[in-house]
Every structure is written in structure tokens, then in C-alpha cells.
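Structure, as C-alpha cells:
Chain naming follows the written order as A, B and C, and within any one chain the residues start at number 1.
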């Protein structure tokens, strides 16, 4: 198994010196600034392509009809699958999850699934017999630090963009309509949580940075990921060990995180609206047209 | 689910009869296993865990499913710092529902990784290059605050193993009486949640280093208003200090006992310690 | 170098025989990216720009990308991985086999006075041996004169990753005319003092008294490389960065 690449001693020392003595980051960003975040949707519903600087993530949502779990007959199934493949970096192997991968998938799970962002009860079709199973696949295409925030944004964007086929129940017969028959419907969405990760540097973790890139992640002594939605609800906080940080500093991090989450939320809303406009070419009038789009031969 | 905790507002007493700022009974022992370098047994209410520490020693063959931390630089036995390997076994009989946990259970992996990273920052791992500190934790009974109990047990066992460390890493949980939906301002923070409270109320686990307000671990897994965080954190940090006192007392009592029994010589630093 | 418009070739394409330089005495020399299939066929093995030098009867393919493949006499910046009995293992790029650097391949090094390098430190070295199926070997001393010629351990400073093509352009003897790189000159003219070492493996080491200067040089290099800036744009970029820093 190839070992993970590691920055040289010179690079580590220089990065810390620049941060602590001169208060500058190598790419000239402010301490609380994100790299440019970009989101594009695919042609299909439920495909979100997120890039945060050089970190690139693709999330794809899909749905199928299955049997619900026996202990939760009224709930649909919702899973998030995270994959760090050798495409990301050669030291990630398929089917052997690394620490990064496990912690990433746990964080997404806690942020999106456990916080109840998706209304799983609305995925139930026939109690105890049929339900939707919604699955989001997260593919990390390129890793330049801060996978968590980018991946979480991608998952939320993909789910909000996703449309599942429309269904109806008549006399105990379940019909699933193709997109041609009925327009697919969006998922029952309750709130949009986003992750914000702070990285700490220095002996006592006194320097805090947002959106650390790969090099900064290699040097940091601790990190905390805070998940919030724009209503100011914490969905999850994870400071999993590392150098202890002042409690007051953590509270400050949380309040800055809230403003960032509001920015994310606005950005995602505007992107979704833009995409909806792009898809809805003719608007309502096009639907009402009587002519067929038949090709005249 | 009927909310048993809804009775709280009437008498300001929690389901198990505690007030908001009371810890459950903490009972701890160290040096419980003669064969290990360090060991401990800890009860926080009905949560019971055991910890065994081996090392620092030469790294053995790498096993799967063990979270490691602190091995900055190199890795694979080449590192300048000792590696802290944590392994958690959750007994099938520890909780009401006998849930089988596979080896690849992500939640257990996360616990292992958290404990490993938290202790690696407090232990002086730079004194033991190219070596491993093996910590194995066994959960015998679960009744809430599992992560906190595991961290406390691991700290005690590391003290018993004589591994130099900055200070105790003491942990406890804190919660809030308001659910995320209810936006009432009169919500009280709660200290040290049991299983039932963890199920119903938002809460967090916090671990601090020694007497300071510095937070080593902060894990919150439930939805809660941002405004509640400060209160919960303050109560949690305060609880950690109480826990630290208790852990410290356990270590000192054991030390005194060992001197009295003659297992260890009375050291230089112990002169000012009262023996009774 | 040919002056006509760049000719782009793809792997396996046939090359117009009229392009192949001939000389009555000198043999034809093939550079990177070309393969000779006896008796007389020359096939490109990578996609890139075909460059023909009639004067030196040589041809090669200029391409930017992929990872560094060591070839003899390249100057590289390597990272010490670990030390063995009489040589260091040095990593030239991540996830590739390590190169070896003998302990005694430093200027006036003896068993007792050799530099002690610990894992993670950097060296500026020359590739002394590069074969296809063997790990490359490095040296930090000129074998003929025994002098370091600027090679050796690199202390402090910062390393910036650039593309291989850009590193090559920086290393050209006439980098301004042939490589179209003027960013370093422009930085120097603005009164910034810094030391620099360029590794053919896409690494540039920069050191200076002032941390800010190092960061500025690094950003200028990276941006020039990533955005593929022309000479004018490079000057403009440097002006902009210098203004921001002050």
C-alpha cells in the first residue's frame, strides 16, 4: 500500500512561521475566508458537482422502491455512501476504508441523516411493504483539504436538486410514473445543514483557520467541525481529540460558523433557482401548448 | 414516545432524582489487572467500563480496525512520537437491545479515533519514538455518557501505566431540558445525562484538560439551538472539573494504599502527602 | 527550435519523414516522448508538441503533465524519507519509488563529516543514474570537480509545487526568450531579495529573510503556472501582488 504523501519539514515549519509570526496564509486568504466555492448541477436530477479550490466532489442522489426495515415500517430508507478511491490519491484503497473516510461518512451521517434533514416518513409508500430507498453517493474526485465541508455541501445540494418519480395508490395498486407521464417530485426536505470546519494551530491551538487546504490539514493540531442550519440550530459538533482549545474560542467559532452557513444557504438557494429557471424553458405556457413536438418526416 | 423528562418542570428533579447540576455516582479503581502495565475500572452511574493499557512498547503487527493517532511524521514505526492505538469492545450484554456490532462499525471506530486523538495530545508521546501505546477498553454496561466514561477510564489507566502526561483528560456530558422544537427560554442545562435523557434531550460530551477551560473533545450529536450551546458547554466544563477531582482522589488513595502496603517506596514528592 | 507553428502529435501517430532532421555525420538524437522502432520508424509515445532542432539533429516532444520521470543530469529537489546504512532514501514525487542518495555524495563528505539529514528534510541534487527498471540515484556533488556547485541540503524556506513544464521553462538557460518566463526577473526588479532553487521534478524552493517575500514569490509562480500567463501578464501580476503585500 503506498504511503500517504507528506509535506517536508521545511514546508511545515514555514507554514507555521507564516501563520503565527506574520499572520498570513500561503495563498493569501484571510483566516476566516473560504476558497472559491462552486456548484454546478448535472443534466440529470440529483447530480451536484462541488469544487472548493482544488478539492472536487461529485454527489449523486438516486432512489428505488424497496421493502422498509422491519423495525421501522413507516420510514423510508436513506443512506449516504462515501467513497475515497485511488482516483483521489493512491493511498486510498477500494474496500478498505481509511480513517479519513470513516470519519467523513460519520460526519455526513450525523449532519444530514441524524439531524432529520430529509423527511424519511414521506418516503413510505405502503406501510411495512414498500418504501423509497434514497441513496447519495459521494465521490471525492480530488483532495486538497476540507473534504467535510465540500462533501456536506454536495450532499445537501444533490438531495435538494433531486426529483423522485411520482407515485399513486389506487385500490391497493402502487403505480410509479415515468418522467414522461408525470413530472418527478422533489423530496420532503425539512432543513439544510452545512458543515464548517475550523483548524487550530500552535501549541495551545490559539490560531484558528477556516477551510484549511491539504497542506494546512497536515500541520494542524486540532480541528472542529460544526454543522448548523440557517435557523441557528446546531446539528452536530465534532472536535474529535487533538490539542485542547479554549472553550470560549469554540463558542466564537460557532458564531462565525453560523454566518458562513447563512452564506452557503443563500448561495445554494440561488443556484437551485437558477437551475430551475434553466430547466423550465417554456415556462407554464409551454405545458399548456396543444401541439405535439412530433418530428415532421 | 412519552416524555418522562416532561415532569422535570414540576419538581426540578430529573428521572433518577438528581438536580440539574448533580453528577451520578462515579466509582473508579485503578490497577485492577495485575498483568497489564496499567488498568482501571470505572462506573458512571450504570455505565461500566474497564480499561487496560499496554506499552509504550515496540509496535506489534498491525491489526485491522484499530484507530491510531499521534503518530505524526513517517508512520509505520518510523514516527518520532508514540502511536496511541485504541481498541473498544462493546459487550453484547451491555445494553438492553443486544445489538451485534461488526468489526467495521463506524460508530465504534469514531469513538476509538476520538479517544486516541484526545490522549495523544495529552500524553507526552514524543518521549517514546517508534513505539505504540495500546489501550483496550471494554464496555460492560451502558447507561449514557459512554464516550465520557471511556475517556475517563483511559486516562486513569494511562496514569496507572505511568505514562507521562500533561494533566488528566476528564470528560462528562451536559444536556438541555428543551428539545430543539420548543423554543422556551427557561430551559435548564443538565449535567451528566443517563441513557433515557440522552434519548430524549439534546446533549453533548465534553472533555477538558486538567483544571483549565481548554476543551480536548467536544461531541454533539443532536439538534439544538446555538443559544443553548454556551450554557451546556459551561455546565459540561464545570462537570469535567468535578470529574477530575474524583479521578485525582482515586489515584491518590491508591497511591497512599500502595505506600502503606509497602509495594512502593515513599518517593521524594510524596513527603507532603498526608497518610492516614 | 523550429519557428513555424507548433506541431501537435498524438501517441502512435506517424511523423512526417521530412520533419526528421538529418545530418551527414551526427546521429539523430531522440528526446523524451519519442520511440525508435527499428529499422526506421519514429513514433511518439505521448501527446504534445513536436520540437525539432536541426542544428543539434535532435527531436523531442514537449508536454506538460504527468508525473516526473527521472532522467540523468536533471536537477531535482527531493525529500529525505529515511536513512539506510550508507545512503538516504529520497522521495522525488509522492507515490513513486524512492531514489537513493549515498551518504558520501556531498561536498567533502567523509564518514565522519557527512551531513546528518533527518526524515522530511530537503536536498537539492542531481540525478546521477536513471534507468528504466532501477531506482534512480542522486548526488549532491560534481563527480569531476568534487564541488557542490550549489547542490546540497536546503535549510528553511518553502517549497512550491509547479507543473513539470513550468519547472523546465524556469530552468532554461534563456528562460526569458525561450521559456517566456519573466516572473522572477520582475520580482527581482521590484526590490525583493530571495534565494531560489528549481527542481526538474516540479518543485521550486524559495527562501528569503522575509516570510512575506517567500509567500509572494510562491503565489506569483503558482499563478503564472496555473493560468499560463504570458510575459506581459506576468509583469502585471507581480505588480499587483507587490502592491497587495505592502
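To be clear about the criterion, a residue touches a chain if its C-beta (ideal position, glycine included) is under 8 Å from a C-beta of that chain, and two chains touch if they have at least 3 such contacts.
The structure presented is a predicted model; accordingly, all values stated were derived computationally and were not measured.
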Identity of the chain that, by mean CA position, is farthest from chain A: C
Most central chain, Cα average position: A
Centre-of-Cα separation between chain B and chain A, whole angstrom: 31
Between chain C and chain B, distance of the C-alpha-averaged centres to the nearest whole Å: 52
Cα-centroid distance, chain A relative to chain C, in whole angstrom: 39
Shared interface positions of chain C, touching two or more other chains: 119-120
Where chain A touches two or more other chains, by residue: 6
Set of chain B residues in contact with two or more other chains: 73
Residue numbers on chain C that touch chain A, as the complex places them: 79, 94-95, 118-122, 154-159, 205, 211-212, 214-215, 218-219, 244
Chain A - residues contacting chain B, complex: 3-4, 6, 97, 99, 102-103, 105-106, 109-110, 114-116, 204-205, 221-222, 224, 228, 232-248, 250-251, 254-255, 258
Chain A to chain C touching residues, read off their complex: 2, 5-6, 8-15, 17-18, 21-22, 24, 26-28, 89-91
In the complex, chain B residues that touch chain A: 67, 69, 73, 75-76, 104, 106-107, 109-110, 113-122, 180, 204, 208-209, 212-227, 229-230, 233-234, 237
